[in-house]
Amino acid sequence: MDWNWDFTWEILPELLEGLRTTVIATLCGYVIALVLGLVWTLLRRSPSRILNQTVRWVTEFIRSTPLIPQLFFVFYVLPSWGLTIGPLTAGIITLGIHYSTYTAEVYRAGIADVPKGQWEACTAINLPRSRVWLDVILPQAIRRVIPTLGNYLIAMFKDSPMLLVINVSEVLLVAYQEGGRTYQYLEPITVVGVLFVVVSVISSILVRRLERRYATT
Amino acid sequence: MPPPDTTAGSPTPEESGGASTGEGVSTQKSDVAKGGATKGVAATELPRGAAPGIRFEKVVKRFGHNVVLRELDFTVGPGERVTLIGPSGSGKTTILRLLMTLEKLDDGLIWIGDETLWHMKRGDKRVPANQKHLHEMRKQVGMVFQQFNLFPNMNVLRNLTEGPVRVLGLSKDEAVERARGLLDMVGLADKIDAHPSQLSGGQQQRVAIARALAMQPKVLLLDEVTSALDPELVVGVQDLLRDIARQSDLTLLCVTHEMTFARDISDRVLMFDQGQIVEEGPPDQIFGEPSEQRTRDFLQAVLAT
Amino acid sequence: MSTVLDSYEQWLDGAWVTVQLTVYGCALALVLALAFGLAGTSRRWWVRVLNRIYVEFFRGTATLVLLYWFFYALPLVGLKITSPMTTAVLALGLNVGAYGAEVVRGSINAVPRAQYEATVALNFTPFQRMRRVLLPQAFALMLPPFGNLVIELMKGTAIVYTIGMVDLTKVSKNIQGFSGETVAPFLAVLVLYFVIAQVLQLFIRYAEWRVDRMLGRRPSREPSVSTVAAGAPGAGVSG
């Protein structure tokens, strides 16, 4: 069987439309992951043992179970509780929650990396607790972890095709449907594969730049 | 060609069995119990017989634009003990590392015995050495490092037997026997199953010395071997090396900042600065009445600390 | 809830598929990681290029896209992989192996240079240096990231649901399909995955403990004479 260029050009606009959905899902999910991850991290530092142990096990649970059954859970269970949401919304929420457990670990490591002397200096000048976090600790911690957070954005992008299990019309599902319609799977799926490699490699290069830029702290 | 064997040669072990070197903690128990008998074991383990001389001929070594050794010439006689002193960055350690093939030679020739280390003969021409030639030449050379560099994935015994078994092709039993003898000599027979991390720095360095000797080198390189030790552990290691020097025929090249040790151990001292020999002579002369201002300045600075 | 419990045989079969995928996938990933990771430390530039191509390509692709490509596209060019299990193991192994190769390469490069120098001083051959000293030490550095990759691979196995293999995820979907229940089957499947992950963690912890002991990072369980003696008065017989 030979590669059919005409067919390739014919399906490309639809594939790019699918890619748009993929990117939207990834970016929206990423925002949730960044914010919720920080919430987990701060809750884990709470003095209440019950609270921080609960958070610890909940995040551990989410992190060590696969995304696909989690998508099912959110997509099928929430409506039975009276919350009706579309597939894309369910996908974004799940992706965001799933990766928030990773970003939480990243933040935690970043905060642990801030030298102890910084805390002591804050105590020495009697800075209020909120200022310590907002002005001293978090700015330093986040700066350190920016490249790692960038890597998780790429990881989310590569996991986003899984949203097809709840019928989100992301790029792989579009390709699959095109293939099914014409019985020509080779071109659409290969194009998707190439798109992913191209986007991932380019973004990896960008992340490496970030690493170099933030390496000198 | 390297110089003929005219050097004073190895000092005769007249004090053989002189176990009591005074302050050495480890030897205290032995002079009560067995007197001189302990060193008898040692002698059988130490390399004896003709050691090769070493000659540097217009040796050049650069790191980037920085020329560390500039057409350096010097000779070490067979069985001679030579100490290299001088300010840091003067190229002393580079000389040892070139001899151990840890750094590549940029220009010139290095002779070990009547063969060149970094070049081999092909017909009449001298061509850069291949891995096989380096492997052959390295058989004669051993090195003890500043940071010991014991293998943390092996216990003490395996640190000592790995090389003899894998490289020299000894049987397991022969290698273990050799290792036991050497551990006895360095006073650590009871640590044979210990792990490097369970040993003090001084003990690790003794094991490292035993490991180097287990390969039965003819030339031993000592690269600031006591610099990383806590002050109270330095003397024990130095005493051990003194005994080894006294009782073996090794050609010894030593880089150190311990001037007393340098004086004790060496037949000759070379004072280096900026990759060149400023002054050389017997230890008494160099430490007693140095003729060069740079040597005087250096010694003053070192002894002041 | 009872439907979920009554279908325990399906759950067991599904779990078995998931476990098989994890084990075979890890085995393939480990082999690829070692081969390409070692290639990344080679002195020959073209061997290092092989490492870069493999790593960049397979880290760049999404596992699910790779699986679809193997499963739907490859047969059309005449390459038919006979079983879905093989296809899935290939996709998972190739992907995770690329991450593993970076771990292997990084760990070997992280072994202190002094260790390499000691092997030269003892006249080891390049193969012996790697086999006897560098790899065993690098292994300790590899273990924690390898542990994470094992969990990631196990989670990744859920993608086989999309090519019709009956793994844990597919079982939960089937049960939801015929019983109409949602909370019970999906919660159950998540708990099952969590249990598998925790068991894998135990294995990883054990391996880390073993390696730490080999490298003497912690005192061994049976304290040796020297450790006991170290506490005794007057035992300061040291260099």
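A, B and C are the chain letters, set down in written order, and residue numbers restart from 1 in every chain.
The definition used in the following text is that a residue touches a chain if its C-beta (ideal position, glycine included) is under 8 Å from a C-beta of that chain, and two chains touch if they have at least 3 such contacts.
In UniProt terms the chains read A = Ectoine/hydroxyectoine ABC transporter permease subunit EhuD; B = Ectoine/hydroxyectoine ABC transporter ATP-binding protein EhuA; C = Ectoine/hydroxyectoine ABC transporter permease subunit EhuC.
Quick caveat: nothing in here was measured; it's all calculated off a predicted structure.
J.: Going by CA means, which chain is nearest the middle of everything shown?
T.: Looking at where each chain's C-alpha mean falls, the closest to the middle is C.
J.: Using C-alpha centroids, which chain lies at the maximum separation from chain A?
T.: Of all chains, B has its centre farthest from that of chain A.
J.: Between chain A and chain C, tell me the centre distance in angstrom, where each centre is the average of that chain's C-alpha atoms.
T.: 22
J.: Per the centroid of Cα atoms for each chain, what is the distance between chain A and chain B, given in Å?
T.: For chain A versus chain B, the centre distance works out to 57 Å.
J.: Just the number, please: Cα centre separation of chain B and chain C in whole Å.
T.: Computed from C-alpha means, the inter-chain centre distance equals 44 Å.
J.: Specify, in ascending order, the residues of chain A that touch 2 or more different other chains.
T.: Correct list: empty.
J.: Where in chain C do residues touch two or more other chains at once?
T.: Residues of chain C never touch two or more of the other chains.
J.: Write out the stretch or stretches of chain A touching chain C in their complex.
T.: 1, 61, 64-70, 72-73, 76-77, 80, 157-162, 164-165, 172, 175-176, 179, 184-186, 189-190, 192-193, 196-198, 200-201, 204
J.: For chain B, which residues count as touching chain C in their complex?
T.: So the residues of chain B touching chain C come out as 25-26, 29, 100-102, 131, 135, 138-139, 141-143, 145, 147, 149-153, 162-163, 166-167, 187, 190-191, 193-206, 211-212, 215, 229, 233, 236-237, 240.
J.: Mind listing the chain C positions that touch chain B in their complex?
T.: Touching chain B from chain C are residues 114-115, 117-118, 120-126, 128, 132-133, 136-137, 214-217, 219-220, 224-227, 236-239.
J.: Which residues of chain C touch chain A in the complex?
T.: By the definition above, chain C touches chain A via 56-57, 59-66, 68-69, 72-73, 76-78, 151, 154-159, 161-162, 168-169, 172-173, 176, 182-183, 186-187, 189-190, 193-194, 197-198, 201.
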